[in-house]
Amino acid sequence: MNTFGRHFRVTTFGESHGVALGAIIDGCPAGLTLCEEDIQMELNRRRPGQSKVTTPRNESDSVEILSGVFEGKTLGTPIACIVRNADQKSKDYEMFRDIFRPGHADQSWEEKYGYRDHRGGGRSSGRETVGRVIGGAIAKKILYEKYGTQILGFVSELGGVKAEIFDAEEREKNPVRCGDALAAEAMLKKIMDAKRASDSLGGEITVFIKNPPKYLGSPVFGKLEGELARAFLSCGAVRSFGFGSGGGAKDEKGSSQNLKREGISGGISTGDDICITVSVKPTPSISQPQTVHQKDGSVQENFIIGGRHDPTIPPRLVPVLEAMAALVLGDALLAPVVRMDLL
Amino acid sequence: MNTFGRHFRVTTFGESHGVALGAIIDGCPAGLTLCEEDIQMELNRRRPGQSKVTTPRNESDSVEILSGVFEGKTLGTPIACIVRNADQKSKDYEMFRDIFRPGHADQSWEEKYGYRDHRGGGRSSGRETVGRVIGGAIAKKILYEKYGTQILGFVSELGGVKAEIFDAEEREKNPVRCGDALAAEAMLKKIMDAKRASDSLGGEITVFIKNPPKYLGSPVFGKLEGELARAFLSCGAVRSFGFGSGGGAKDEKGSSQNLKREGISGGISTGDDICITVSVKPTPSISQPQTVHQKDGSVQENFIIGGRHDPTIPPRLVPVLEAMAALVLGDALLAPVVRMDLL
Amino acid sequence: MNTFGRHFRVTTFGESHGVALGAIIDGCPAGLTLCEEDIQMELNRRRPGQSKVTTPRNESDSVEILSGVFEGKTLGTPIACIVRNADQKSKDYEMFRDIFRPGHADQSWEEKYGYRDHRGGGRSSGRETVGRVIGGAIAKKILYEKYGTQILGFVSELGGVKAEIFDAEEREKNPVRCGDALAAEAMLKKIMDAKRASDSLGGEITVFIKNPPKYLGSPVFGKLEGELARAFLSCGAVRSFGFGSGGGAKDEKGSSQNLKREGISGGISTGDDICITVSVKPTPSISQPQTVHQKDGSVQENFIIGGRHDPTIPPRLVPVLEAMAALVLGDALLAPVVRMDLL
Amino acid sequence: MNTFGRHFRVTTFGESHGVALGAIIDGCPAGLTLCEEDIQMELNRRRPGQSKVTTPRNESDSVEILSGVFEGKTLGTPIACIVRNADQKSKDYEMFRDIFRPGHADQSWEEKYGYRDHRGGGRSSGRETVGRVIGGAIAKKILYEKYGTQILGFVSELGGVKAEIFDAEEREKNPVRCGDALAAEAMLKKIMDAKRASDSLGGEITVFIKNPPKYLGSPVFGKLEGELARAFLSCGAVRSFGFGSGGGAKDEKGSSQNLKREGISGGISTGDDICITVSVKPTPSISQPQTVHQKDGSVQENFIIGGRHDPTIPPRLVPVLEAMAALVLGDALLAPVVRMDLL
């Protein structure tokens, strides 16, 4: 299942250390102004090697559009985009051919598919999200141009440090992708501490959807919150999802809850802003000795995982979650007409 | 979008005060022993009027199977089931024809569809979940008979009271559907207090999936946790979803997180138990004076909502979430073969 | 796979001799005036026992709408409709429990599903089309009210007799459902001859789609002709499908073919009328001695099939094919917007 | 709608004169031996410039696999393949920017999408089928390796000449792709005559599916014949489809029809060979003077269409229809289990 969406459909492909990654976007309406730079901009926010809190793997992640755009505008036909891998260093991964890295999908994929690309986790790698960001960039453009919708993700907590300010400009200035300069500095310190301790950190991301179009969402099984939850939980390290009152809903009373504007009512967007919070687990790749399971069933103690990793996931996950939110909204936007008078 | 699932597909129908509700289950394999009692049993756990913490609306919710079963076994053809409404008292709802009840989907549905059944919320009512429970009952049966899988939901927190014990038998003895007798008693008191105060309470539900089949889930967009999240968030009052480390993932380090067994790895079930927690908002219908919006744009102050309501949602939501988990697993179970050697 | 359509989705259910048959229509826009009579009218054209050229099984096929309609208008929620079986005479079919009737789906269903309702073919019976006609009636109403589209099917050839006239009113006056009174009489004679000879006849149906909406069809895999072909070939006895030049296309030259207006160009409707022709095989149930295969692998010679049958299929297939064409058009009508300027 | 299949899903992309064409195949099981040559072999049968009866446009159509294959075996992840365009000569098409070529999809696409790549028909070009052949090559390999299934298409009639022999080896020796050497010669003469007359010819293709797997097809809306019909009619120039008795079914009696083995019964494959016949319209591009419509609504008389064209479509359509049949079978093969005892 590598296609997301029913109407605005993104099919992604690619392994971490294969020839290329990318996406086909099918269902994008004709007449949208689109060029490679529109997509590259978002890929740059996701790309490895962009700062000291990301993996040193150096990929320019340059996108090439192969179809669906003619003389600068979309044709309504599938938009195929590819990003070639460059800095693979597959040899570094030879040691993982027969071992299952703790906290990674190595074992479950090996057992389900019976065959696996062990290099960097193959398709279970976070590198898979390149295709998501490509699709999301296009959806974002449609949403912004037509509705002024903005999707803004922030690292809101990391290493116990909570952000108080959500400033979109500030966010792009620090490597943590936090909207609060002071908090960002403290978070950065926590990350460096963990890195030195050969450990990694989890964190929290908050995504704001500002000025969403009204009436998105298809009850009863296509409720907007459900589609968003699926989209966010389909990203590797995410462990929870909440919107509106979120995890705090359990402590509300009807008289207080009824006064809230959560942006979604009965599964349908109201036009009010939507706020989503997700909890993200730490990078499973850490360079301290761990017990690992091997393909032959045996166990190896004190194994040290090599390779290049992010010490924490949230800073690079921000653009991915933004992309996923954009895909959900873009898909809902293209859902069929539900009123005879609008047919 | 009233169909859930790609392979085990449940299409539900029905309004709160219409003629009937029900579901068609398409894709259920042939040869499953099935009778109405198998489904009725689960409907009884969901039905209104079952205790003092549920709405007094009295519906027997008797199910009739119309197709797909022959001489006690499924045919592999669609299984259509209906439940006729009996105790509608639609007149009580005449007052809602032109008003939008706070915290309900009245306004968003009216605006999206341009037309609405105002009686009891129409299809945006929690009564819509009858069809989910029907489908879930069949999926549960397949899972239990083939894999010994059990899906057990519990009210784990309500009115600030947390359950410490998760005893499936105890759970069915108290009206709160809590596995901890002592906690249940305290929760019950909180509910009665809220009811007396013309208010309502939120709460938390924990669902355990015991002995799930291995290898369920279809990366990258059909990851099991994503499908579960969508399923749970598609139930009206749910505001958050977490599995494994859940909301606490943000505070983990790689070295601690890697030791956890969360039941899902890389989007695929490992065979280990899965534990999910959701936060549920309070019933929006409360009988204290509220400000309501009307269809003509005007506002009415100090409006008191009549009708019959649950003072809290979780006790009746437990069987619904169990059903949704069963539908997700049942659907994943029937996903296409992914290995040449198993073809 | 008992759901037809991606946007206007019809899920059908029911066995020939089960409790009931019916359909859920999901995706019908809100605000359509709809009552049971709108559907009954079409069911009456399909129902058994309507004339001497149809099976004597007597079913009133009365439809009941269970949901999705409120005060005479559709709600945009699923419309569930049921038709209860009345004149089943299942005992007549006890003899078929262990035999496979020639030309029927008995053997392939038994082997695929491992379990089968032998009474009247179960779900492989032509009676399954009740649900199609229900869905089609609603789609027809939308198409006619919004676009003046009419879908008119005719028996165009039967027993070697070809119709020359396609008069929609005349068609409803003769039991053959032929638009040409003289041809109808000759066809009727051929049918009666075949009936007397304990045999059955094939025939040809021509369906005209008049005033179809423009721009229906989704290249490259959702071309309108492909969707129509699938819809028509999904009806039991249909063996061929042609549109426009049809089977004669092979004899055209570019210079002649280019002058034709076939109603579909590049998979998209042009607004011109569309004409489709299908060839229909004879009823497999005949009452002359035949060799039959049995469940235990043995063969029985000179077996005479009892039960009640149509001596020819086309007269009752006409409303079914009209329904299928309506479902294809209705679905295409609700396909997502493909232009930015229409978003 | 550029995805074909529900389980074995092929998403194609690319315009005739764009950067590249290709396909992503999602759902191919892991463990299939696959290399570029497996796909190239089929592309070579479709490629332009292969003989004097095909367009002189010279494309090597070299395929590159970007993902989904590791060390010579499929991973169960999406297989992305691209073919770069080389010999575009887009300038030859500048004259078509504002005119609609007769018999082509130019006008309907322009009007539906509001924007169009006029070069060689853009995505409405037959060149779009490159992606189909890529997907089909993989499906063919699975079918042949697992079931010994062979899908063999032949030009069976052209210019009034009918083939009597269907020899698969002979077929690859003549440019007409006919299994009958004598007929091929006569057909070739007819094609050359038409070419000289600045005209083009239609024709007929017969596809044999030998040794298909048993039990493929999903009643009632996923019947195998319906899926095949849709697949074949989704190819540009096809105007009719028949299987088994085909167009002759209308002349059968029950007593004769019941004796036939058509390979599909009740929508399910029986394991017997399946024979399909389609009628194909002539190439619309001809170089004699024609009346053409222009974008501004005006009409131009005696317009001569330039560019490079095939004088007849069937020889190059044979591998495309084979591919489509393979995609239908491959998809049906991966449909969910329908029996409890096989779960």
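Think of it as A, B, C and D in the order they're written, each chain with its own count starting at 1.
We take it that contacts are C-beta pairs under 8 Å (C-beta built on N, C-alpha and C of every residue); 3 or more make two chains touch, one makes a residue touch a chain.
Remember, it's a predicted structure, so these values are computed and weren't measured experimentally.
Quick check: more C-beta contact pairs in A-B or B-C?
Between the two chain pairs, A-B has more contacting C-beta pairs.
Among the chains, which is located farthest from chain C on the basis of C-alpha centroids?
It is A.
Can you give the whole-Å distance between the Cα centres of chain B and chain C?
38
Take the average of all CA coordinates in chain B, do the same for chain D, and state the distance between these two points in whole angstrom.
Centre separation, chain B to chain D: 46 Å.
I'd like to verify one number: the distance from the centre of chain A to the centre of chain B, where each centre is the average of its C-alpha atoms, in whole angstrom.
Whole-Å distance between the two chain centres: 28.
Could you pull out the residues of chain A that touch at least 2 other chains?
1-3, 12, 30-31, 74, 76-77, 112-115, 123, 219, 338-339, 341
Provide the residue numbers of chain B that touch chain D in the complex, in ascending order.
Touch list, chain B to chain D: 6-8, 27, 29-32, 74, 76-77, 142, 146, 333-343.
Can you list the residues on chain C that touch chain D in the complex?
By the definition above, chain C touches chain D via 1-4, 12, 102-109, 111-115, 123-124, 128, 157-158, 160, 194, 199-204, 214-215, 218-223, 225-234, 236-255, 257-259, 262, 265-270, 279-286, 288, 290, 338-339, 341.
Which stretch or stretches of chain A touch chain D in the complex?
Residues 1-3, 9, 11-15, 18-22, 24, 26, 30-31, 64-68, 70, 73-80, 82, 112-117, 122-123.
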